[in-house]
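In structure tokens below, several structures.
Look at the two complexes coming up: chain A is in both, with chain B in one and chain C in the other.
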Partner chain A sequence: MRWRPGPIVCIVGIAAILPLVELVLPPAAHVSEAVRGVFLYAILALGLNIVTGYAGLLNLGIAAFMAIGAYGFAILTCEIYPFQVGFWPGILLTLPIGALAGFLLGAPTLRLRGDYLAIVTLGFGEIVQDVLKNLEVVTKGTQGINPVPAPAIGGTMWTADDEYKWYYLFLALLVVVIVAIRNLERSRLGRAWFSIREDELASRAMGIRVERIKMLAFSAAAALAAFAGGLSASVLSSTGEPSNYDFQVSILALCIVIVGGIGSIAGVLVGALVMIGLNSIVLVKATAALEALGIGGSANVLLSPNNWKYLIFGLALVLAVRLKPNGLVPPRIERRAT
Partner chain B sequence: MTALSAQRITMRFGGLVAVQDVSFEVERHQIYAVIGPNGAGKTTLFNAITGIYEPTSGVVRFADRVVCAKFSSRVALRMCVATILCALSTVFAVNIQELWQLAIVDNYVYAQPFPWSEGVSDFVRAFADLFGTSGVITALAGALAGGGAAGVLWWRSRRTPDLIARSGVARTFQNIRLFNELSLVQNVLVGMDHRMRAGFWSALFRLPRFHAERKHFHAEAMELLEFVGLADRVHEAAGSLPYGFRRRLEIARALAGKPALLLLDEPAAGMNPSEIVGLMTLIRRVRDAGTTVVLIEHHMRLVMGVSDRILVLQYGRQIAEGTPAEIRANPACVEAYLGTETHG
Partner chain C sequence: MEPYEVFLQQLVTGLSNGMIIALIALGYTMVYGIIELINFAHGDVFMLGAFLALTLLGALGMEAWAPGWQLAGVVLMLVSSAAFCGSFNWSLDRLAYRPLRRASKLSLLVSAIGCSFICTNLGLFWGGAPMEVFAGGVAAAAPKDFPQLIPQYNLLGESAIRIVPADVAVLAVTLPLMIALVYLVKRTRLGRAMRAVAQDSTAAALMGIPVDRVIGTTFFIGGALGGFASVVYALYNNTIGFQMGYRAGMDAFTAAVLGGIGSLPGAVLGGLLIGCVRSMSDQYVELRWTNTIVFGILVLILIFRPSGLLGSTRREKV
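And now, the complex of A and B:
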């Protein structure tokens, strides 16, 4: 049979040549910086997709793990702390830090069912923000930690001007994450996750150690969220204040998964493109266009589309659930040997 | 040698006694049937045997062994580690600001190399000092939580369905419980899961071990699907199968774990006569392949046709046990199923 590229390969391929296309376009039409945000949210949502999409456990506190990753990375690398391990060790350490945080939250709570687990994760999200805000000696409270270092591939440390370096770094890391998740999805572990989502009692009766498998899902999701958090702190050169990792971020990640397709990697990528694309490309460009026409402007709340984002997220969610309940790219029944 | 022995099993839900004092033994390589009117407690008995319920009283033995995670030295070690770790980390977490101040902030001068030995010794000293004051109470609370949690976890996991499944007991469900969104092969592969050894890292990095195991178990799953007659639809979703095929798939999934004992809960429910004949052949073949079979069934022709021995339950009590011929001749059993004859 002839090899045909799947949706994931197509998306990644288009993303890889996008900056080249931009070279011939006027600066006003440049979108690569916004697409970088799409990559970041795609990593976060892919993590959420493991726990919510594969294992069927609703997690409303994924942003908390992103915050833990961002702060962990900042404390390990920032020059106001003595550790200063450097970008690469730091960003790799966010994975075990996140996994440990996931384990600590999961160990006592994963026996809760459905809604109760969702409430616990929701509360955890709020608690983490409060802890970060109040632990001033360690976290600098509401100031956030800065400067957080960037990678220094090719000599000097990158700055915000190295737009395309960041772009390809994020794309490469996203590809690594996708490959890792696919490897897990098509393995014994992935099957166990699906079986728990489909019927917990039956999978238990088949000898699946449900608690352990759920814990792995929870920790893997937390690790990826922490990884995304570390990357976001690095690109912003600051953790920002703790409320940057609030409930809205968790819900946005959940929207990405639901709109894109629960349990589908390609779906999550499309979902991230649609949701973050709407937010940071369409709305931003629309605002700029209105301002250029002299209609909008920051003074006019209604006429600056930037302010519409939660309205649009909500609308997208309602439309998705009503019209495409399985998402834009629903997961397929695996036809290959897995 | 007995494959399964149940001694005086009682299962009580509040005031309701679903199963009372039921004892029976199943010899190896037998087909054993449990019959009785609706609500007699047959499925409850199965659930008590497979660990979904904990029997109120009574003992279940598989191959003369009670399946139960004992309080071993490993469990004790785990509890000790949990106790100590929780005690230390609680003290650390509660006092993190002071510790951080003393160990790091006070020792670190911006852009100067950090004096690690001083930092570490300050940290250890401050941490030890805590135990002279409020730290003791915090540590006790943490130890209690950690040790207690480890103990509770062990207590609750002594006799779980997955432990029993792992020790070679497989079952099907009365209301078929397949993984509907998974394909047929994947359903069977889930049943094989506890025989697989390649774990998280070999899957993540696709180590040679992963590929070898995948090939082996996939081939075995295909064989098994052929055995139950589903070889031509292996990649369809289980949820799209017609009813009779679902039963077969559930049996294949149960057999996938290579059980020594297979419990079938009403395998013939909703099947037509020709499907039932096929099912009887299948059950005999499973037995001939070396698996002991216990089944709950209402369909008398199937029960009388395949069983070596039969247990009859009514209102949670056992009213008879014996060979099919004995059961057929037992007036109490006939009455339980058909009601009393009235003359008049």
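And now, the complex of A and C:
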């Protein structure tokens, strides 16, 4: 049989040659910085996809784990703290930090039913934000922690000007995450996740330890979200203020998973491309274009494309659930149509 | 002020805000009771009600009216916001929730979250209306001042504790509504139909109850309560904004869970408790930790006593 590239390989392949195409395009048409954001959100959403897509548990506080990763990474590496472990150890340590945070939240809450669990994760997200904002001694309050170090491959530390280095670093890390999750998907653990999503009671009867399996999904998702948070802090060279990790971010990640295809890696990639593309390419460029024409700005609320963000997220969720419950790129193992 | 006077003052504020929270919480608890959906958009429907009230107030120029007429204006705002929010909530059910009756509960919740975001955005657009009460619509996202239509003199005369007519107004609106609601649910044919659908919608349908219409009516009543609450909230707190629905919604949802979701007296008790917790925390802990405390209560109640204070423990159906 002839080998044909699947959707994941196609997407990654196109992403890999995008900077080369940009070389011949005028600077106004450059999108690689925004596409870097797509990679970051794809990592975050792949994490959310484990807990929501595979294990069927709605998590509305994924941004909190991103915040924990970002602040954890900053505290481990920043020069105002005693640790200063450096970029690579720091970014790898965000994984166990996130997993631990996920474990601590998951341990008492995972036996709750679906909608209650969703609300607990939402509440956790708000509490984390408030704590980060109010514990100024450690977190510098609304200033955020900076400067957060960047990687230094070949001597000097990268800056924001090293656009394409960041681009390929994020792409490479995304590929590593995809490969890891693909293997997880086909492992015993992955099948256990699908099984408890379809029928918890039956899985228990088959000898699956439901609590432990749910906990692993929760921790894995939290670890990936923390990893994405650490990367985002590094590229911005600051954790930013705690409200950068608010409910809106969690919902954006949820939009990516639901619109793209819940439980499908290729779906999450497409979803990230669509949602982040709308959010940070189409809206931003449209705002700039309207301002250039002199009809944008604050004079009319409807004419500023940024003001349509909530509406787009909301419509994406409502329409996806109604019209395409399995997303744009459904998983190969179809979910039970309930 | 003596320490006990500070305490009593916070108690008055807490109870007044608590009654408003309770009114919103009733909307959550009714909808949850009947279709087990956390109607995420409820808080945002409440927010839109406040915007409608402010629009009416500005369009009719109520600020310039004589005091007696202003009272009539308040009644007009209450009725219009209630009708508007009720219809809006009914439409949400018709368009976004009813088609998903057979889908999984999580799809329903995701749809509700989507509706919440859409409503938030509508509030942002509304705030950009080119009217004087919206500051000409220049800063659409900015919080809006809601004029004090109810006078602010102290009913207790020279006492250090202030009870203003707005406190009385809150009670005068919320209490009769709660009594009417309990009467409706416990004593009328419609109420019996609602309880039947809540228990077992299939059996109710077999008994000839028009299930979808009963659910729609429940959404209408819940939304209308939110509409009443929005006007009272705006008159009492004198500022509204397009993001207030999330905050108020979370307070009210916490109240509903605290009291026992699905239980009407529970929602009222929870609302009063949350109102008091908020005002006490503002005074005795720190303003900036208040939200954390409310969310902490929400999380702890869900973990340790998901049935709430007055709710009944019901086994989940397989």
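Throughout what follows, the second predicted complex is superposed on the first by the 328 of 338 C-alpha atoms of A that agree within 3 Å, B and C clash if a C-alpha of one lies under 4 Å from a C-alpha of the other, contacts with A are read in each partner's own complex, and residues count from 1 in each chain.
We adopt the following convention: a residue touches a chain if its C-beta (ideal position, glycine included) is under 8 Å from a C-beta of that chain, and two chains touch if they have at least 3 such contacts.
Remember, predicted model here, so these are calculated numbers, not experimental data.
Superposition model on chain A: chain B and chain C are shown accommodated side by side without a clash. By the touch criterion stated above, A:81 is placed in contact with chain B alone, chain C being left untouched.
Within the superposed three-chain model, A:201 lies in touch with chain B and with chain C [touch as defined at top].
In the superposition on chain A, A:137 contacts chain B only, with no contact to chain C. Using the contact criterion defined above for the overlaid structures, shared-chain residue A:126 touches chain C, although it does not reach chain B. In the superposed model, A:292 makes contact with neither chain B nor chain C. In the superposition on chain A, no contact is made by A:21 with either chain B or chain C.
Within the superposed three-chain model, A:108 lies in touch with chain B and with chain C [touch as defined at top].
In the superposition on chain A, contact is made by A:189 with chain B only, not with chain C. Seen from the CA centre of chain A, the centres of chain B and chain C span an angle of about 80°, rounded to a multiple of 10.
Legend: residue contacts after superposition of the two complexes on their common chain; A:9 is shown touching neither chain B nor chain C.
Shortest separation of chain B and chain C in the overlay equals 11 Å (C-alpha atoms, whole Å). Common to the chain B and chain C contact sets on chain A are residues 108, 201, 338. Across the complex, chain B meets chain A through its residues 50, 52, 96-97, 100-101, 104-105, 107-108, 110-111, 114, 116, 119, 149, 157, 160-162, 165-166, 170-171, 173, 177-183, 185-186, 189-191, 193-194, 196, 198-200, 203-206, 210, 214, 218, 235-237, 253-254, 256-257.
Those residues of chain C that touch chain A in the shared complex are 36-38, 96, 99-100, 102-107, 109-111, 113-122, 124-125, 127-128, 137-140, 246, 250, 253, 257, 288-289, 291-292, 295-296, 298-299, 302-303, 306, 316, 318. Residues of chain A that touch chain B in their complex: 79-82, 107-108, 135-138, 180, 183-184, 187-192, 194-195, 198-199, 201-211, 216, 333-335, 337-338. Residue ranges on chain A touching chain C, taken from their complex, read 56, 58, 60, 108-109, 112-116, 118-120, 123-124, 126-127, 130-131, 133-134, 201, 247, 251, 254, 258, 298-302, 307-311, 313-318, 321-322, 325, 338.
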